[in-house]
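In the two assemblies presented below, chain A is common to both, partnered first by chain B and then by chain C.
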Partner chain A sequence: MLEMIDICKVYRTDLVQTHALRDFSLSVQEGEFVTITGPSGCGKTTFLNIAGLLETYTSGSYQLDGVEVSQLNDFKRARLRNEKIGFIFQSFNLMPDLNLFDNVDVPLRYRGLKASERKPLIEKALESVGLAGRMKHLPSQLSGGQQQRVAIARALVGSPRFLLADEPTGNLDSNTARGVMELLQEINELGTTIVMVTHDQELARESRRNIHILDGQIHEENGRGEMSSSASAVA
Partner chain B sequence: MFFYYLRLAALSYRRNPILSSLMVLAVAVGIAAYMIVFTLNYTMGGDPIPHKSSQLFAVQLDNWDPNTDSDPPQQLTYTDAMALQQAGRAWRQTASSKFSGIVEPDNPELRPFMFIGRGAYADFFPMFDVPFQYGSGWSADADANLEQVTVLSRDLNERLFGGANSVGETITMDGTQWQVIGVLDRWDPVPKFYDVNNGPFDSGEELYIPWGHVVARELPRSGNTNCWTAIGGSGFQAFLNSECVWIQYWVELRDANEEAEYLDFINGYVQEQKTLGRFGRPLNNALYDVNEWLLKEEVLPDETSILSMLAAMLLAVCLLNTIGLLLAKFLGKSAEIGARQALGAHKGSLFIQHMIEAGFIGLLGGLLGLLLAHYGLEGVKILLGNELMMTDWIQLNVPIVITTIALAIVSTVIAGLYPIWRACNINPAIHLKTQ
Partner chain C sequence: MEIGPIFRALLRNKLGALLIALQIAFTMTVIINAVFIINERNRLMARPSGLDESNLFHITVIGFGDDYNEEIVAADDLAMLRQTPGIVDATVINAIPVSGGGSSTGVRLINDETSPSTGTAIYRLDEHGLNTLNLDLIAGENFTATDMRLRYESGPTEADKAVVTRALVESLFDGMAPADVLGEVMYMPGGDVVQIVGVVDRLQAPWPTSQLVERSMLVPENYIDSFSRYMIRTEPGQRDRMMAEVERMLVERGQDRVVRDMEAMEVTRANTYRVDSALTTILRVVVATLIVINCMGIVGLAVFSINRRKKQIGTRRALGATRPEILRYFLLENLFITIAGVALGAVLTIALSIVLTTNFNMPTMAWYYTPLGALLLILVGQLSALGPSARAAGTEPAIATRSV
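On to the complex of A and B.
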């Protein structure tokens, strides 16, 4: 499903070079729920952005669902993102001017679906996160947890095979965070592959597979409750 | 997606109303200033009779002082105008000139008043497609027989007869009775191409009579008369025989052949006159169609080009401001742009979305600019006043409105290219994390 081999990401300025990822290799299979942990600045988000085709990498190889992404142009990358990946962000990144219906509509618009095709998908997605009755509300009229649920509905509306979540519970209180986690687990059980970056060790422990990153490299992997130490975590 | 993007543009306006309104205002001020000057130039320099301007020709005969190299005169002498008129070699032709007189209304409640009239030949009306409200112009026979007939302007008919059909009525002018045979509809060609040297932006004449009366009655001339040599003798006949120019002469020629033949004819006429001791300069006769004539006579004052430059500079300054404001606005949307990229938007679609948003700002700026231009033109009319020139023609029309809107949209989209390019090339990853 996701296959990264020896990925390096170097940020260069005139004075310094920063290695955000070094020889990073990771394979994620369909249906997995993988959490990524590590201290701030270790490269978690860089990994997620590369995985989500929002950033390019300096060297290495990355195949998403069998497609080598390094040669894809902006148009093809956007299409791949739209069809195969759903994003959930820490700060929700909802469009403040658009109501819930229109927010969830955004990825379908870029897919070029007709209004008659989009409407049932949007209603179903909002229903699945328990917000079907608030379609005409603006994001500002919702609580943080509800906003994150909208973001999840938006990420899921196009039925992506792959969900990337960057600290999805980071801005939520513990009770709300628990609700969001349960929702993500339900989604995963229905077959969607999830990769989630989190600081919360508690949540990480609940996932079936946890990758700990340190200094741009996989430091250790904890799969299905069994600890293992590995610099490379190719499955 | 166009209407989706248009809706997003409207929502974006609502999100930042102050910033967006500043942009609209900047565009509106620049566009209004430019369009005021453009409207003046467009109307003053436009083709006043577009459907046949290439068939109407001002006749230039260079009878001027052979000892100077000054430009040829704009008008003809009585001798030459009458010679051309009597030859009748063009499809249509008319000598004409302005005169002034006094009308004595039959209505005892109206006092006698002065008017500006024009003496012309019968061809004047069909040549220049003069519209009639009632009746028509006179015939060639009326010219030949010096019939006492007259055509009134719509305004004069309004004044004398309350706008009623006055054909068949008589008016008293300079103590003589004249029969009304026609009343013009609204007719104010701008510029008044058939007499540009007597005020191209003056209002039209109030009354028309067969040209022969101007001479027969020695009516007071009301236009420029220029002479390069002293009049040989005294009295009106001496003036008529002189080299003084005071008559406008126009011909209608239907095609290039007729034009070439007519030029040959006037050259032949001048050669003949040379044998009589006139036309001391080398042959320098010409036919100018309406637009060539307006250009040659520099109907547009020099100041208009300076004004145009100033207005264009003001528009450029306003657009530069708009660039800055658009940059601030679009970069302020970095998180949204990043989110849209994450959700599947490619740079091309983001570019189009923001082009439409810039165009939307331009559209609003254009509409506000139109309103400002309208009031600006009203201000120009007040400044110029009807004493300096007739200003009723200064107004926005459909082509100008369309041009204004198009100019506003296009210029704002062009101004938006750099901000849009910057906004579409942000690193989405940074902005998604730091919203």
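On to the complex of A and C.
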């Protein structure tokens, strides 16, 4: 599903070079639920951005669902994001001026579907997160947990094979966070591959596979029944 | 296309959009009416006078000596001028066309003082007048030297022959061809009879803003009033040289008179239309300024709106929007605002046009001004929004995951 080999990401200014990711190699199989942890500035977001085709990498190889993404131009990357990837953001990133229906509709519009094709998909997605009765509400009329559910519905509405979650519970209280996690687990159990960046060690421990990043490299990996050092993980 | 969501989002966040729409409406109202006024003035200024303006100039001779005989002096002056190489012809004339000052009268087809009269400018000139002014005689004949008479300030009677303009014929003789009115008579105030002997295509009256500007009549008279005004036509390209020479010759011819007010017809026209010309210049500046302000307003709102929604744009990009789709989104948003402004502007434009027509005696604005103005404003709006929208389209999707 996701295959990164020796990915490097270097941010350059006139004076400084910052290595956000160094020889980062990771393979995620279809149906996995992987959590990514690490301290601030370790490269989690850079990994997420590269995995989600939100930014390019300096060197290495990345295949998403069998497609080598380095060869894709901006247009094709956008189309691939739309078709293959669902995003869940820490701050929900809902459009404040759009109601829930229109918010969930956003990725479908970029897929070129007709209104009659989009409507049942949107209703089903909102129904799956328990917000079918609030389609005409604005995000500001919802609680944080409900807003994140809308964001999850938006991420799922196009039936992506791959869900990228960036601290999805970071702005939620523990009870609400628990509900969101349960929802994500249900989604994963239905077959969607999930990679989730989190600071929450407790959530990470519960996941079947956790990758710990330090200084742009995989420092530690738990899961798949084994724990390995950074050297073996990278290799 | 995201027409529905854009429209609904605008309705929920309408203050900025409303202000820009009002600005567009105001701009459109002023611009269209200003352009109409400019075009109307230009049309008035561009009307042909019927004269060979580029080769004509006029000069005034004022006598002051006790023995000064205007009739003899004028005859001698004109004879000299007509023999001068470089001069095509010269005439004495009582008023200068398109100069702002002249004589008018009312003529009737029936000799009844109570019946309505038709206003017309009256030019008193000699048999060289038509050739000097280079008028296009479309029917009848010119005056002859024997037709000429002298007219004094309190002249009791009028000349008995006249050449009239086509416009005067159309006013007096509904539907009759110029050739058919030859020999017809007109009655002057007081009952004097004037027979039409010729019709010229065009000769404007001295007053360009008057309703009777195209209605003129020419009579074979030398108006004796202590000063003589000569109109002189030169060979093409000789005007400026001949102006200096004519002035010198006239000054050298006598000590008991003043030679003054020499002016090329083109200058006379420019002076007459100076206010109109200044008005059109001012209005052009107003139109240009308003368009620039309008563009700045649209650019300002677009930049503000885009900066405020940077993260939203990044999120849209993350969710699969391509750069052209982001560009289209913001151009569409701008289009909606502009259309709202243009719709209101169309109503205000027509309202202002009605006010101007009703209160300032302006002609009715042609129907196409409003749609053309609307299209222009929409085009200007889209061009103004293009830069900021293109910048928005360049937003990197990675901004969606940034915390600020």
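Simple rule for what comes next: the second predicted complex is superposed on the first by the 229 of 235 C-alpha atoms of A that agree within 3 Å, B and C clash if a C-alpha of one lies under 4 Å from a C-alpha of the other, contacts with A are read in each partner's own complex, and residues count from 1 in each chain.
By our rule, a contact is a pair of C-beta atoms (placed from the backbone, for glycine too) under 8 Å apart; a residue touches a chain by one contact, two chains touch by 3 or more.
All values derive from a computational prediction rather than experimental measurement.
Peer 1: Both complexes share chain A, so when I overlay them there, do chain B and chain C fit or clash?
Peer 2: Aligned on chain A, chain B and chain C clash with each other.
Peer 1: Who does A:N99 touch here: chain B (first), chain C (second), both, or neither?
Peer 2: In the superposition, A:N99 contacts chain C only.
Peer 1: Applying the document's definition of touch, where does A:N49 land relative to chain B and chain C: first, second, both, or neither?
Peer 2: After superposition on chain A, A:N49 lies in contact with both partners, chain B and chain C.
Peer 1: Once the shared chain is lined up, is A:D14 touching chain B (first), chain C (second), both, or neither of them?
Peer 2: A:D14 contacts neither chain B nor chain C.
Peer 1: Does the superposition put A:D74 against chain B (first), chain C (second), both, or neither?
Peer 2: A:D74 contacts both chain B and chain C.
Peer 1: Identify the residues of chain A that lie in both the chain B contact region and the chain C contact region.
Peer 2: Comparing the two interfaces on chain A, one with chain B and one with chain C, the shared residues are 45, 49, 52, 54-55, 74-75, 78-79, 81-83, 87, 89-91, 93, 95, 97-98, 106-107, 109-111, 154, 166.
Peer 1: For chain B, which residues count as touching chain A in their complex?
Peer 2: Interface residues on the chain B side: 1, 4, 8, 11-12, 14-15, 335-336, 338-349, 427-429, 432-433, 435.
Peer 1: Considering only the defined contacts, which chain A positions touch chain B in the complex?
Peer 2: 45-46, 49, 52, 54-55, 74-75, 77-79, 81-83, 87, 89-91, 93-98, 106-107, 109-111, 154, 158, 166
Peer 1: Which part of chain A faces chain C closely enough to touch in the complex?
Peer 2: 45, 48-49, 52-55, 74-75, 78-79, 81-83, 87, 89-91, 93, 95, 97-99, 102, 105-107, 109-111, 138, 154, 166
Peer 1: Taking the complex as given, what residues does chain C use to touch chain A?
Peer 2: 2, 4-5, 8-9, 12-13, 311-312, 315-323, 325, 396-398, 400-403
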